[in-house]
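Both complexes below contain chain A, partnered by chain B and then by chain C.
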Partner chain A sequence: MTRSKAVIIRDNIDGWMFVLPAFLFLLLLMIYPIIHTFILSFQKYNFVYDSKPVFVGFHNYIKVLKDATFKKALLNTFYFAGVYIPIIFILGFFVGLIFSRYDMITGKLSKVILFIPMVIPISMSSFMFLFMLNPQWGIVNSIFKDYLKLPGLARDWMNDTSTAMNMILLVTIWWRVGFIGLLFLSGIQAIPRSVIEASIIDGANAWRRITGIILPNLKETYMVVGILAIVTSIKLFAQVVAMTGTLSPQNAGGPAKATLTLYVATWKSAFLYYDLGIGSAMGYLMSLIIVFLFAVNFFINKGEKA
Partner chain B sequence: MKKLVFITLALLLVFSFSVFAGGKQEKVSKDWTKAKLTVHVEAMGWILKKFPVEASAKKFMEDHPNITMKVSANADNSLNNYMLNWSAGNVDVDLALGGAAVQVAKLAFKNLLVPWNDFYKGDFTRDHFLTHVVELTKRGDNYYALPFMVEAMSLEANRKLMVEAGLGTVSNPAKPKTLDDLYMFAKKTTKGSGPVKDVYGFSWNFTNFGDQQLFCAVNDLGGKAYNDDGSPNMKAPEIAKVFSFIKRVTMDGYGTKGTITDTNAGRSGLKAGTVAIIFEAASRAIEAKSALGNDAILLPFPGEEQNGSYIYAHYSYIPKGTKVKDAVYGFMREQVLSKDFSKFGAEKYGKLPSLKRNFEGLSSDFTEVQKWMANPKTVGDHAWVEGSKLNSYIWEIEQELVSSNITAQQAADKLAKQASQLNLAVVK
Partner chain C sequence: MVRRNKINTFFLGFFIFLILILFMVPIFQTIFTSLKTDKEIYKVPVSIIPHNLTFIHYKYVFTNLASDFFSFFRNSVVVTSVSVLLILSLGSLASFGLARINFFGKNFIIFFVSFIVSIPLIITVIPIFMFETTFRITNTNIGLILPYTAVYMPIPLFIMYGTFLKIPTELEESALIDGCSRFMIYRKIFLPLAAGGLVAAGIITFLNCWGEFLFALILTTRRSATTLSIGIMKINQQEQAWALGPMSAIMVLSTIIPFTLYMIFQRYFIQGLMEGSLKG
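Showing the complex of A and B:
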């Protein structure tokens, strides 16, 4: 027996009504901005000085791709991703491995400890590091100068182009390593105990167990960690603004653009200079990069568990 | 049941939209001295600290019992919140205090502000104010903002550190006459070894003052900071000279780079005794008296005594949509522009009055600054179409200068090239 469309709609009206508020919110706050931004990316529109947007085709994209600031931001973002992703994978794995081994001793406390940096807002953590890295009264230089008696190693960490981005890397790794470690811990704990025990009976040492059993069985974890690490890298924003532009948002990404990332550059274009067309084009280019990196991540980590 | 769920959801939706879309509705009589009304004043956080805004609002309420004053802080120093909210018609502020010319000009260009033309009458005609900072707000026939405080650029120094370094005496501290002198002052007052010093001789502000210092220095060195049409003269040969000084003093280890990530590092260092000389608003010296006492002194930047200073203001402005403009005028005339209000900001924090008559009776700390300000060669703040971008370019190039091998001349050429791609016409 087939039911008419009207009957189907009538029978499901409750469901539709429940979904409607969420759908409307999604439509208003996500789908509309996505479409509107896409249209804006093909228009010349300065929110302050242009009375209305003018269609300019791919001009914004061409302008952005030729722009030295965008190139610098792209380079910085890739540098960050290139250093952050391998480090967070390696450190996260070892944190997970260590806690899988000693979790019985430390109990739930270990997971709490791992999670503490995650629950502190990243802006707060960034300020904390900024204080510690202050060249004249920060604890880091104080350790070098007063305790280790190595004043030559003291640096102006955040005001030096050669060290500023690495300090942002440090904060981000500190912030994320516990959470990523927990993901690896879950992955390791999901491997059947019997497989590990069988390998021990077969005489496999710790190294063989890690390389032959644990690592090949973490492909799903790699996928998730990969996605999270890519998002953290490409969307790098709060740490940069907090550590370089709190009192002066225009300066975010300093010194001399050394920490300028794609996300910060996009935000500055759109919301400090009000170049909405350029900002939108940058946003879409950034999205394309994220999609590309997701695809690479998927390609590398696809396949069944060992 | 189904109908009940449907109606509840529909009502919820209507309610949420009405909350989002709801605006301020207030009917106000024409006579603000009699009508019952509320005036919402919003000021940048630092202004609430450095001026008695809340006490003035209270006094205004006592004088006008029909008026309720509400005072709040605007945490967004970039004024982005005003730009976005006011453009969308969400205006819940009647008077905003704080914002540089280049920022307020954007709000005016977007047609979001009520002109102050009819404010300037009686004891408050434009000639009663420091003229330049008023004229800067003229767009067409309208004046879109009112300056309520003024700053002037100069050197601020720790006299004790200078005297210890042999730079003059307590009663007669030495004054740098050239950039080489200033370099020598910085060198002599620097203490400590290694890459990070205990005391730095000099601090250039690589962010918030990066542009104002540059234009002030170009002017003081006898150069032409602005072209005849009011646009910045980015080809002035003095720019390379200033850049050369910044590079030398910083790369040689006598100037701190602390202001790159903390725009307040110079003034904090001056107060803490870890920086000897800074080049910022003169108010920093008055402010530093709380820590250094009379050892916090003002010095002219090389050439400032001959060529004047650089002055800029912070403005008050009224968003379109307010229904209480006349009451705001009343509050400005009776309170914000009063002698007491100005005196509080001036004597405690060095913020200078915009109204000329309010200089009378201020302490002698301001005598020198007044002289520099009164110099006809003194230059002032700017409001160019892409002024914010130019400021960023200047800060970035100054930071690059002290972080790379780029020479002063190369940096000046690069800046001139970048500036040539911007629209730097005066906002009209």
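Showing the complex of A and C:
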């Protein structure tokens, strides 16, 4: 069907009339800031001391890249991603697998339960864990000391540089595992029933069925879960601030920078030290890392397809 | 063979049950702590299930912490509900346009919206902070509603876009021939048919705004303007040494609204969340 000129013009006007209000919001509050931050990243601008931003070229980027704090934040973020991504893949897969075998009334109830962490604001979830990990009155230490009689395992979880980051991992996994599990479940359920039944008739055991049929058929799920896990790792912020910076924002990322992530470091330099130029440069470096990880994720999952 | 399967199913069920109990520990622990007496909270060994139930901490929140708690609560309700309404109205208009009308620049907008989903939000916060300081709207509800409406627009927009795409074209064509305007078609035909998608988009937006952390942390430094998710940190700072009882009570109270909504619209929530993530 060819459309007459009048219809085309009317469609264009109508279309833009519908889209314009939302588009304006996004333009003013997302696109303009993204561009402005890009410009700021090449300027020296302290919001408190400097009256006007001064153009300094790549100075901010060089300063950030040479900064030991930034390197520490980068290492911490990669440590988090390196532990979080494999664990969420494995746990999510098992949650999906178990529920694909066991989808009865209890299955529905479990779905409701696994989603509850998504409903609780993340700062509240962090506080829940913070209270359970309290060295004196927290349930975790009490279970180790008084119930299991293993006082050696009790410690000051959030003030110990070797455990603080792992506790943040714990909250994050608790928060996300139900959702990731359901993504795997929907991926497993999308595999045609006949394929799985055929393998049962052929005498494949459960292990063969998982490795031979289910795992290779989840390409799209890997892609989506990969993207979500990367975003969760790089955007690691609220958990850290709530769990380490609750008494004073200056402490966020502690103890001794053990939980300082890129996001927290960016926030600190922009909004605690008001160095907007440095903060903007860090924000853009972080975005570059996300783009890089997305590309890696894309090529890994594409390569497997071939 | 059948017998073995039954036993397997039983053990699998038991195993799942154990995992779910473990999974629920943080939530039960918080609810229980909010109901324990102070004496029991600060006693070693920590009791797992409270011996004497008491509402003393809730009373404390409603009396001693009342001014703070109710102002946080009011801010959360105002900011969240206005943002949800704005996002649903502007977002459904835009997704109707994108899904049902052919116009120049449409693919660009779809690409553009999916691009902004993946950028780290802190990039947008810095100029928004400068702009709000210039116009003196930090520490106001509007100062949060504006960024929330932009930031949480893309995912509901994609959910509604998907719902509108699924509606058959015949209805629309006959209405157009009858001389209905596009806006009438959107309001009288599409909105009622897409109710499920709207509810899904609404509930996800609600939860996102209710728990939002970054913007609320940066744009509301005064207690009178901040929301619950940041307010809880301020109360913890003020109450000094770990007031576990009142803090737990606040956590329970501030999760009641999102939790009730979740239980009512649970089906839409899960469906919407899956669709949103698969498209985004």
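Note that in this section the second predicted complex is superposed on the first by the 289 of 306 C-alpha atoms of A that agree within 3 Å, B and C clash if a C-alpha of one lies under 4 Å from a C-alpha of the other, contacts with A are read in each partner's own complex, and residues count from 1 in each chain.
We take it that a contact is a pair of C-beta atoms (placed from the backbone, for glycine too) under 8 Å apart; a residue touches a chain by one contact, two chains touch by 3 or more.
All values derive from a computational prediction rather than experimental measurement.
**Student:** Do chain B and chain C fit side by side on chain A after the overlay, or clash?
**Tutor:** On the superposed model, which is not a single observed complex, chain B and chain C clash.
**Student:** What's your read, chain B or chain C touching more residues of chain A?
**Tutor:** Partner with more touched residues of chain A: C.
**Student:** Applying the touch criterion given at the start, work out whether A:179 contacts chain B, chain C, both or neither, answering first, second, both or neither.
**Tutor:** Second partner only, chain C.
**Student:** State whether A:188 touches chain B only (first), chain C only (second), both chains, or neither.
**Tutor:** neither
**Student:** Just to be sure I read the superposition right, which of the two partners does A:122 touch: chain B = first, chain C = second, or both, or neither?
**Tutor:** Only chain C; A:122 stays clear of chain B.
**Student:** With both complexes superposed on chain A, which partner does A:146 reach: first (chain B), second (chain C), both or neither?
**Tutor:** Only chain C; A:146 stays clear of chain B.
**Student:** Should A:287 be classified as contacting the first partner (chain B), the second (chain C), both, or neither?
**Tutor:** The answer is second: A:287 touches chain C but not chain B.
**Student:** With the two complexes superposed on chain A, say which partner A:14 touches: chain B (first), chain C (second), both, or neither.
**Tutor:** After superposing on A, A:14 lies in contact with both chain B and chain C.
**Student:** Would you check which partner chain A:33 touches, where first means chain B only, second means chain C only, and both and neither mean what they say?
**Tutor:** In the superposition, A:33 touches chain C alone.
**Student:** In the superposed arrangement, which partner chain does A:247 touch: chain B (first), chain C (second), both, or neither?
**Tutor:** In the superposition, A:247 contacts both chain B and chain C.
**Student:** Considering only the touch criterion stated at the top, classify A:136 as touching first (chain B), second (chain C), both, or neither.
**Tutor:** Both: A:136 reaches chain B and chain C.
**Student:** Looking at 2-10, 74-82 or 272-280, which bit of chain B clashes with chain C?
**Tutor:** The segment of chain B occupying space taken by chain C is 74-82.
**Student:** Can you list the residues of chain A that touch chain B in one structure and chain C in the other?
**Tutor:** Common interface on chain A, chain B vs chain C: 14, 17-18, 21, 47, 136, 145, 247-248, 271.
**Student:** So in the complex, the part of chain A that touches chain C is made up of which residues?
**Tutor:** The touching residues are 11-12, 14-19, 21-23, 25-26, 28-34, 36-37, 40, 47, 98, 101-102, 106, 110-116, 118-125, 127-129, 131-132, 134, 136-139, 142, 145-147, 174, 179, 182-183, 186, 224, 227-228, 231, 234-235, 237-238, 241-242, 245-248, 263, 266-267, 270-271, 276, 279-280, 283-284, 286-287, 290, 294.
**Student:** For chain C, which residues count as touching chain A in their complex?
**Tutor:** The touching residues are 9, 12-13, 15-17, 20, 23-27, 29-30, 33, 41-42, 44-46, 48, 90-91, 93-94, 96-98, 101-106, 109, 112-113, 116, 118-130, 146-147, 149-151, 153-154, 157, 182, 186, 207, 210-211, 213-214, 217-218, 228-230, 232-233, 236-237, 242, 244, 247-248, 251, 254-255, 258-259, 262-263, 266, 269-270, 273-274, 277-278.
**Student:** Residue numbers of chain A touching chain B in their complex, please.
**Tutor:** Interface residues on chain A, with respect to chain B: 13-14, 17-18, 20-21, 24, 47-49, 130, 135-136, 141, 145, 151-152, 154-156, 158-162, 164, 243-244, 247-251, 254-258, 268, 271-274.
**Student:** Residue numbers of chain B touching chain A in their complex, please.
**Tutor:** Its residues touching chain A are 2, 5-6, 9, 12-13, 77-78, 80, 83, 87, 106, 109-110, 193-196, 198, 206-208, 256-258, 260-264, 269, 274, 385-386, 388-389, 391-392, 395-397, 399-400, 403-404.
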